[in-house]
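Below is one structure, written out as structure tokens, with a few remarks after it.
Going in written order, the chains are labelled A, B, C and D, and every chain counts its residues from 1.
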């Protein structure tokens, strides 16, 4: 099936070659006439755009790569719009990591106070994109990659009637890792993860017609090296007690002191590493002999992102009726969360719509944590949309990784001070 | 994939050849080693069993057909058990139809007071089957065909922890009829029906990547003959107002006076017709030259039942991950109904379990009717399990087709009088 | 405590002397400086207003009685506004009764199709009152007497942020009747009724420190004359089965045929009787020697209305913290109904707000009926506010007293034809 | 009104004179024939019992004080049973405080890991009391004082059908403190607190017909000495942001570091202080000249406990219909919590039953915290009733004051090691 136009907001990202590779590899099921890369940084856009063009040319794909600095032009007539913006750039991310650390708190891009700060900066921008898109291409799908992906997706849902799903490489990564662990093909596994983006657990791992969950837990328990390498960074007795497989981001909750120590000891934050890697990647991309995605991109962190995205687009366009794990409005699928909350759960994907599978109640062992983080997320969205200092304070205070009001206020004031250019809604 | 044993409770039914035909036609995906037909009527069992054996022999299927009068033996070691019992026989059905009519009420096998009476007789029997099955083959699936299918499935759920789904040919029939109407292959249509067994509506008809619902309604509206033949027996302005496609049983609600007149005028009830047809079918089955399902069986009413059943079994066994419309426990899939209610909705089918798709809220136009009928169903289950006259009275009174307490009591007393041998729980 | 101003919309009603009597009898707890009677009928207003003035003068109450034909003037500065309008007058009511009867359906002022028609006419009018009030006196309380009281209250809630409660004399009447039956003072009884306006049941009757419910049911069962006189018009075995005491309006559901026969046989509808009574009352009121509420008013039907209203106002003004049964937004008090639905349940009354007492789940025996009627009510409100023919049709079809689509459509078309001047929103 | 018998389990507590004083002060509304003090410590029982007898004798109250070491005898024929047991004694409490502190966590009697440990020890004991009571006096009320009061009340609810409410002096204390702050009589204030025991907030403070909440917050903000003395230990900008008045126990969440520092620096835990105070009190009680509650008891911490208890008993017995803030089953009163959870909210008290007032949704700013703590509570109850190590681990991990799995496991193992005589259900 054919798509006329995909718009990529933040198209100058070093991730873009990943996306192009996805388009190339799915070309037999999905023909894209035009792909518009939009970015506010003309230099990055030029470099990345040129590489993208070389990539499609090399394999003889008829997809036209266009570059744009205009949001309106990029959205007009698009069938799909992918958002991969980073408001405030990598410099902003580094602040999101360092400011919490300065107060003894986890400093991480999406989880905890760092994710909160990123969300405050990002929401007004995606809100504008969503509003513009619903005016220019009301039938388009918005695929949100922008982190924190679930929270941002919920903010979009409140801002416009556009069809939106949030995407993350977490679920696909868990599937690949578990498949590798068990020596099974990934495509033969069905993993049901339930919860929120970056805060979910597998409660069923179906393969070979059985629920393999306890076997998986047993296998991980026998391989301490897996815990050390960070693929399944959880103590065996935690897994045995939960009888759930947590996503990796849950180490910031379950292994809080170790992670905090690790972050404090690191000479560079992850953002600083990424900034360097990004510089190197761009240099590489600028080489006019390069005609494919360079291997180094895999270290960048977004592995399998494009696989998730392009397979989702292909399922929608081809009305495949298969199951993808997506960030969608709850609508009762998880009974312990508000109906209007965005949750990350398996969905049936059809051309017309995505249908979440009903989950019912969350296991008691994780229910309260999910509810607490969802309250934090909803307060953050309200704070960002209203520019309310008071709600921003409530949001941080409601976050399980923020232990007191005093710290919440200090961290909030530090964010507002350091990033005021991106947080103008707070006046 | 292979199944060791399927048990069929009520295997002497004239429907059984339909089931055998299903097994034959799915033989490439599903090998059944043994099929045990169990019945309390030895004559029927012998005739039907012999035909079943001839059918499998003719095509050279290695499935062994065994006959049994022992419930325990039939359940022992079974992977799947299909219940298609009719407690009280066709004589009971005829009473279920005639008694309400005598009081000016709809007399129908599954809907209204007739279905209530059938449920009271049936629940103790399926309860016993379910209990026995959970003792003898706790991992087996119980596939309930017995009417009223959703209500009986809910009664089973309360009686045992066995995996149970209720099945009906309604959803598959709607798909076939709509496909025929629109000139599309049935396999290309996805129809989402929501509600309860024999009380549901299609709110989405996806085909060719679009929601075809309003086109379908338009097409029906232009073909008054479809209304008359009973395929889509609803006034165009009803369909236009609802923007939903009701299942055919809803004519007992939407066209109540017409249906009542029709039933009153008929010289025979549907049960009496079926009794005759059944006699003729059995005669035919007894002919040792017959080696396939006779054409006449289609008039019997259960068309596509076996297709629904065998495809479901195949999806479970082969872990297909496709969508079937089933009677399953709600668990929040429909927010307007109790969590423990059984509802009829699309489900993802895996080998390990079936996963309902989340529906959210029912359209306001039908919500109250569904809630009222579900209350009636739950009262009926409690009445049957407890043998409570008072709850039986509450149940009938709660039914939307029973207009007053006086009639509820008269009809209940008439049922209890006429069928006391099957209603011993009421003392 | 003192109130500056009470506005009475529909102040020319023959009920008004009842209200004045209430003000007089509560004068020790509640001083009202000004009472503005507003009506669109200048003749009625003059007669009723003059009587009201004579009544307060006779007892030397300093309350000033003012008359007005201006809504704006009546609302300006009011602390309480009482709505007792009858859109379309008694002529409208008579049509509401006769049109359904012509189609073989219950024709009643508030229940069934008659109440539906009344609601369609009334909603635009109260919507306008509520909007105006929230502009002119945003802190005022709106006390809605206008029938169907719960449905109209819900429509007001959707139209404006004004504080509104719906009031009915049903709960107070049940208390008085039960007290009389049991030989106890009414003030010593606490009756918990649950459900909707004109569709509720007592599930607890506390008196002398016990739940007297089953004693009350027993006593009624021993007094067939009570059933005949219509005070408790229900068969003993209905009460014994439910173990609930239904409000009298439930006879239109539980005794449908008898009521229908009764209505068909009556030479006059209740509306026609009321019209005559009203004429006689007005004549009486016009007598300048009359200085108190005439005894005949009791036959008018609104007995204890003013007691309910004035005691409520007194509880609010004096911050009494006692319990009144009111029509308020559900907000989860009854778990089986939408959060935004208006329900009629006991509430704690404070000056600042009213607090519903939590009910939990409705008894299964009545749950479905309440849910069905609430769906009908919400469809009716949407139909009236949007002027949607389609929703009006859905609403009537959803009503448990309307047995088929054919009748729903005929009755709707008859209402729209006969009352088109009051149903202009349907174009 | 008269009560035949009140049983006090843990009657040898130094609190008992408080209770006796309550009985004395309410004697005009509430006559108690017999009060049985039961304790497993005969020495304490003798001393406290003798003082109680002297107290009632002094004022000439006819209440007979009996002493017992038999649970069965104490429960037999009781109308009310008050549980004020401390399983493991004060030594246990001191461990509950010290063990968490040893791991850098809040060590507190009822909040955090300390309350968890107390709950594990207490649940089997109250379960036994509740079971025995439902056998011996099924109509009695169980008034649970035993901490953690809400959690224990929920455990009782799961263990027996007895009528139970949990009581705490928190709500009455807040009312007295706020009244004092505002210069108003406590009886004229209505404070609505919502949430759980020791985890609740006032969202409405009604007095003089107004919501005084923001005035109260303003007043506290102007009096920094109130913050220091611990009456309202919260930063003004926290209160301004929340627009809620938190109960004092919330300082363990909102002021976590300060509280932890304070606990670490203290030379004695609160339990150690109480142990000493208790020794001194008992010595004092042993003085046969003492005939009234000594002033020193006020320092003990349970101030106004007896006022809360005796007023509640009086409201029940006299069917007062007034409002008490109690721990009762949720049943939908707070929509964000499970229906079967016990919550602490205002209730209407009648002789027959207590009726919670409907709350609806919790404010988003506190919702997640309440949900998280309730999940912890429910896991703790399951762990204690089942003796499940795995659930105990899940419970501690789910507690917002326990930051990681590693600490959860260490603290759990330390509790199980140090208190194994009282935690035999864990084998």
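Everything that follows uses one rule, which is that contacts are C-beta pairs under 8 Å (C-beta built on N, C-alpha and C of every residue); 3 or more make two chains touch, one makes a residue touch a chain.
In UniProt terms the chains read A, B, C, D = 6-phospho-beta-glucosidase.
The shown structure was predicted, so the numbers you read here are calculated from the model rather than taken from an experiment.
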item: Joint neighbours of subunit C (6-phospho-beta-glucosidase) and subunit B (6-phospho-beta-glucosidase), given as chain labels; value: none
item: Distance-maximising chain from subunit B (6-phospho-beta-glucosidase) - centres being C-alpha averages; value: D
item: Distance from subunit D (6-phospho-beta-glucosidase) to subunit B (6-phospho-beta-glucosidase) - Cα centre to Cα centre, in angstrom; value: 54
item: Chain centre separation (subunit A (6-phospho-beta-glucosidase), subunit B (6-phospho-beta-glucosidase); CA means) in Å; value: 44
item: Junction residues of subunit C (6-phospho-beta-glucosidase), two or more chains touched; value: none
item: Graph class of chain-chain contacts, one of line, ring, star, complete, other; value: ring
item: Interfacial residue positions of subunit D (6-phospho-beta-glucosidase) with respect to subunit A (6-phospho-beta-glucosidase) in the complex; value: 234-235, 237-238, 240-242, 253-258, 336, 364-369, 371-376, 378-379, 382, 390-391, 393-394, 397-398, 400, 403-407, 409
item: Residues of subunit D (6-phospho-beta-glucosidase) that touch subunit C (6-phospho-beta-glucosidase) when the two form their complex; value: 190, 192, 204, 206, 209-211, 317, 319, 321-323, 331-333, 335, 339, 346, 348, 350-353, 355-361
